[in-house]
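In what follows, a structure is listed as structure tokens, so that the remarks can point back to it.
As written, the chains take the letters A, B and C, and residue 1 is the first residue of each chain.
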Amino acid sequence: MYLRNAWYMAMWAHDLPTNALTARTLLGEPLVFLRDERGVAQALQDRCPHRLVPLSLGTYLPSGRVRCIYHGLEFDGSGACVHNPHGNGRIPPAARARSYPVIERHGQIWVWMGEKESDPARLPDYHFLEAGEGKLLSVQDHLIMDAGIDLIVENLLDLSHVSFLHEGLLGSSATVAADIMLEQGERELTVRRWMPGVPSPELFDIVLPRKGELIDMWFDMRWQAPGALTNDVGATSPGGDRQRGYRIQGAHILTPQTATSTHYHFAAALHLPPDHDHTRNAAIGPELSRIRRYAFEAQDAPIIQAQQRTILNAAPEVLTPILLDIDAGPVRYRRMMAALLTEEHSV
Amino acid sequence: MYLRNAWYMAMWAHDLPTNALTARTLLGEPLVFLRDERGVAQALQDRCPHRLVPLSLGTYLPSGRVRCIYHGLEFDGSGACVHNPHGNGRIPPAARARSYPVIERHGQIWVWMGEKESDPARLPDYHFLEAGEGKLLSVQDHLIMDAGIDLIVENLLDLSHVSFLHEGLLGSSATVAADIMLEQGERELTVRRWMPGVPSPELFDIVLPRKGELIDMWFDMRWQAPGALTNDVGATSPGGDRQRGYRIQGAHILTPQTATSTHYHFAAALHLPPDHDHTRNAAIGPELSRIRRYAFEAQDAPIIQAQQRTILNAAPEVLTPILLDIDAGPVRYRRMMAALLTEEHSV
Amino acid sequence: MYLRNAWYMAMWAHDLPTNALTARTLLGEPLVFLRDERGVAQALQDRCPHRLVPLSLGTYLPSGRVRCIYHGLEFDGSGACVHNPHGNGRIPPAARARSYPVIERHGQIWVWMGEKESDPARLPDYHFLEAGEGKLLSVQDHLIMDAGIDLIVENLLDLSHVSFLHEGLLGSSATVAADIMLEQGERELTVRRWMPGVPSPELFDIVLPRKGELIDMWFDMRWQAPGALTNDVGATSPGGDRQRGYRIQGAHILTPQTATSTHYHFAAALHLPPDHDHTRNAAIGPELSRIRRYAFEAQDAPIIQAQQRTILNAAPEVLTPILLDIDAGPVRYRRMMAALLTEEHSV
């Protein structure tokens, strides 16, 4: 069961070409994305209403239309059949592919798959991923995890796993004692962790020469329903001013592919302090990209996927896990999502 | 649900050797085919009645018997257990593998899997595939499509898709305006299309040097329940006499392997006009074979299989496709098959 | 449905290292095996009670503990959580991985997965696999068959298949007339076959130079519920004294992995007669190992697996196989297992 009246990120804008069809399965439904003749992104159900062949197997026409490969019916970006090449050319009124509202912003393509009218005010804000002064950007990346979205959100809202699963790379056992602060909003939740006087993880080697001194570190993660997360991680010298430290804003944007697989879109911006030495700048973006992909693909994914397999294979009655103090974020998330789903289905 | 009281083509005769067992799954049931000591084709359930091991894993004995690999029980072509090598050799009366009526004709092996007595008069006639004067033959070919038989029959009875899916190879957009004629018989249906003054498709390059002139073309497809189709395609110079044109009779013989996979047997005969130049004859059969296999395997199969996947994955309520004028053949087919199935199950 | 209050062999002792975690699925449940700080084998449910990640993905600590890879919780060999590295370190009482009684004996590791108290007296005795005077040992081997345990026990209790499936290697058609004797105990069953004056199978070529003489052979198989089998095969010169013949005791120890796949552990001891020529001894163990593995992996497994596939694919009503005299062992086995399962579930 998905929360449908919500924006879901479909793909990075650079993954949608202007002259081709792009198929993507979201919330268990196959969609086809295209840019119309003005370049505006459109999303249609990936299924010709005539014989149910995927439209994405067809041809993108320069007019911004899709031609079905099987019988040559043509559809515009709104999903309307606008050409039947056969016989008298009559087009039945029902000859429509369902279309979905799309917004392209800050290099991202978002789609609304619910029955209620789409609400642009609900779109999560990732303007920090735009290029600008005083920051360096990672690549805009994507992977598919073979696990349901809940397990991945829980992973991200649970900062404590960083000390173990990402030990050395993103954190260390020195950080486990840090307090966890929760802030809950209407459809959002933020988990904060402040870790003064801890060893610097590998992540900061890309900007901070490691000389054995301890650093002050913060690690905040904000979730906006249903799958838009942003983390804010930073380091200063002990007792230093945050404005003079290095700060990474990371986007983790999750969209269910199916109930047990999830699109994981990620990218980050590194904010540079005023006294930053710009000599190595060209190398820093790629290094940041590489470390983040490694952490998510090689460290998180195998564990979350194993967790998913356990849940799928085990009898339901044995699946009531114990709770620790560190589970405050995940527990709150589960409760908020349950309330949102109840609200959507009771309307 | 299969129509069971009917002949289904099991394989080409050349695919059943005289000294070996040949396994094939038809209508969801594993069968083993063999030739008895007289060379007569026989079909048995592919399951030893003792321990349920496939008989096809066993040995073909020169006496035309099958010996089970597990315990050495021997069965003759009628399915009777005729030798128990153990103990006192007693054979329980129930020691039989179910056998099915088989007819071998015109290079094809047909089997009847229904409960009613088999009716040889119902056997579809493919005598045109026999070698003879004034014609050239393709190879007798076979592939498995991962789609149910209905989707493939609909594809074949829907001549309009030729203009798009097989554009250039078998037809072109110039042919889409052609009228479609239906003729319905008791257990058969013929769809006819007459296309005067159209460009010649690649198919006829094998016999007609392409000089840019238009041709008159016909394209008829006859279906006999449940899966025997024959097409009759031909070309003449504009206004020419059909007797002086080139005519291809094609066999498309479909047998369900399972509910979602189908054996597709195909072969064709090219009838030569009196003034045919015989110089290139040796090359024409292979060219005809290659073009047909390409059209079915590389063009039809991926589309029909994608259609099948869509149907399997989508919720049933979204699967009521729209109908166009070109769907007359498929719609009539569905109705006739539904009536035949109702009749079989109400008896 | 498994008989749970019983010992099942989990693995050979040499497959459980002292400094690593070993995962194995038994009776459909994932378990993790380890040796505690004293080297004693322990078995836990392979699932952290916190977030359900497999413990076997974690780290084996020198203290004999398991550390979960995800959040660093530590468990001892009894399954108790003994360290929570987070926050105040409190450990909820429910933080336990279920543990199972384990016995290590004669190079085998056995586990009891039932609810009733484990009964060491029920452990099958395989002391003959220990090295000793006057015998040679095969390797201790393991394979997984993709078939349920019942089909494999039936195969082993059905000595008649040896004449066909293992013709030449372990038996021959000359042995099919041999009488089959059954002896039934409380939770065990023995099938005996005595075959005087038969050709020597390849199996005995490893010790008996084949000179064309006939031999006297016996072949006994003992089953102890639910999956421990021992065969006792031997050969003497015709009319010879068994004490002066070659005798092989073989262990065939079966444990369900799932309902349709089974761990098959096997090993054998060859008892040498007093006048044995010891020259070739170094080669005999490997030869015995190779022949046995070949018989089970290349001859039995494909047939039993095909039988399993037939049963899974066929409609239940067609699966009432016929019975021959040779099925006395398998039939008795089915009846005894049904009684044991009824007893376990009625308590």
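Keep this in mind: contacts are C-beta pairs under 8 Å (C-beta built on N, C-alpha and C of every residue); 3 or more make two chains touch, one makes a residue touch a chain.
Since this is a predicted model, take the numbers as computed values, not measurements.
As for how the two copies chain A and chain C face one another, under half of their interface residue numbers coincide.
The rotation relating chain B to chain C, fitted on Cα atoms, amounts to 120°, rounded to the nearest 5. One finds 49 Å separating the Cα centroids of chain A and chain C.
Not a single residue position of chain B touches two or more of the other chains. Touching chain A in their complex are the following residues of chain B: 154, 158, 160-161, 163-165, 173, 176-177, 179-180, 302-303, 306-307, 310-311, 313-314, 318-319, 321-326.
Those residues of chain B lying in contact with chain C across their complex are 30, 47, 49-54, 57, 68-72, 84-88, 90, 92, 94-95.
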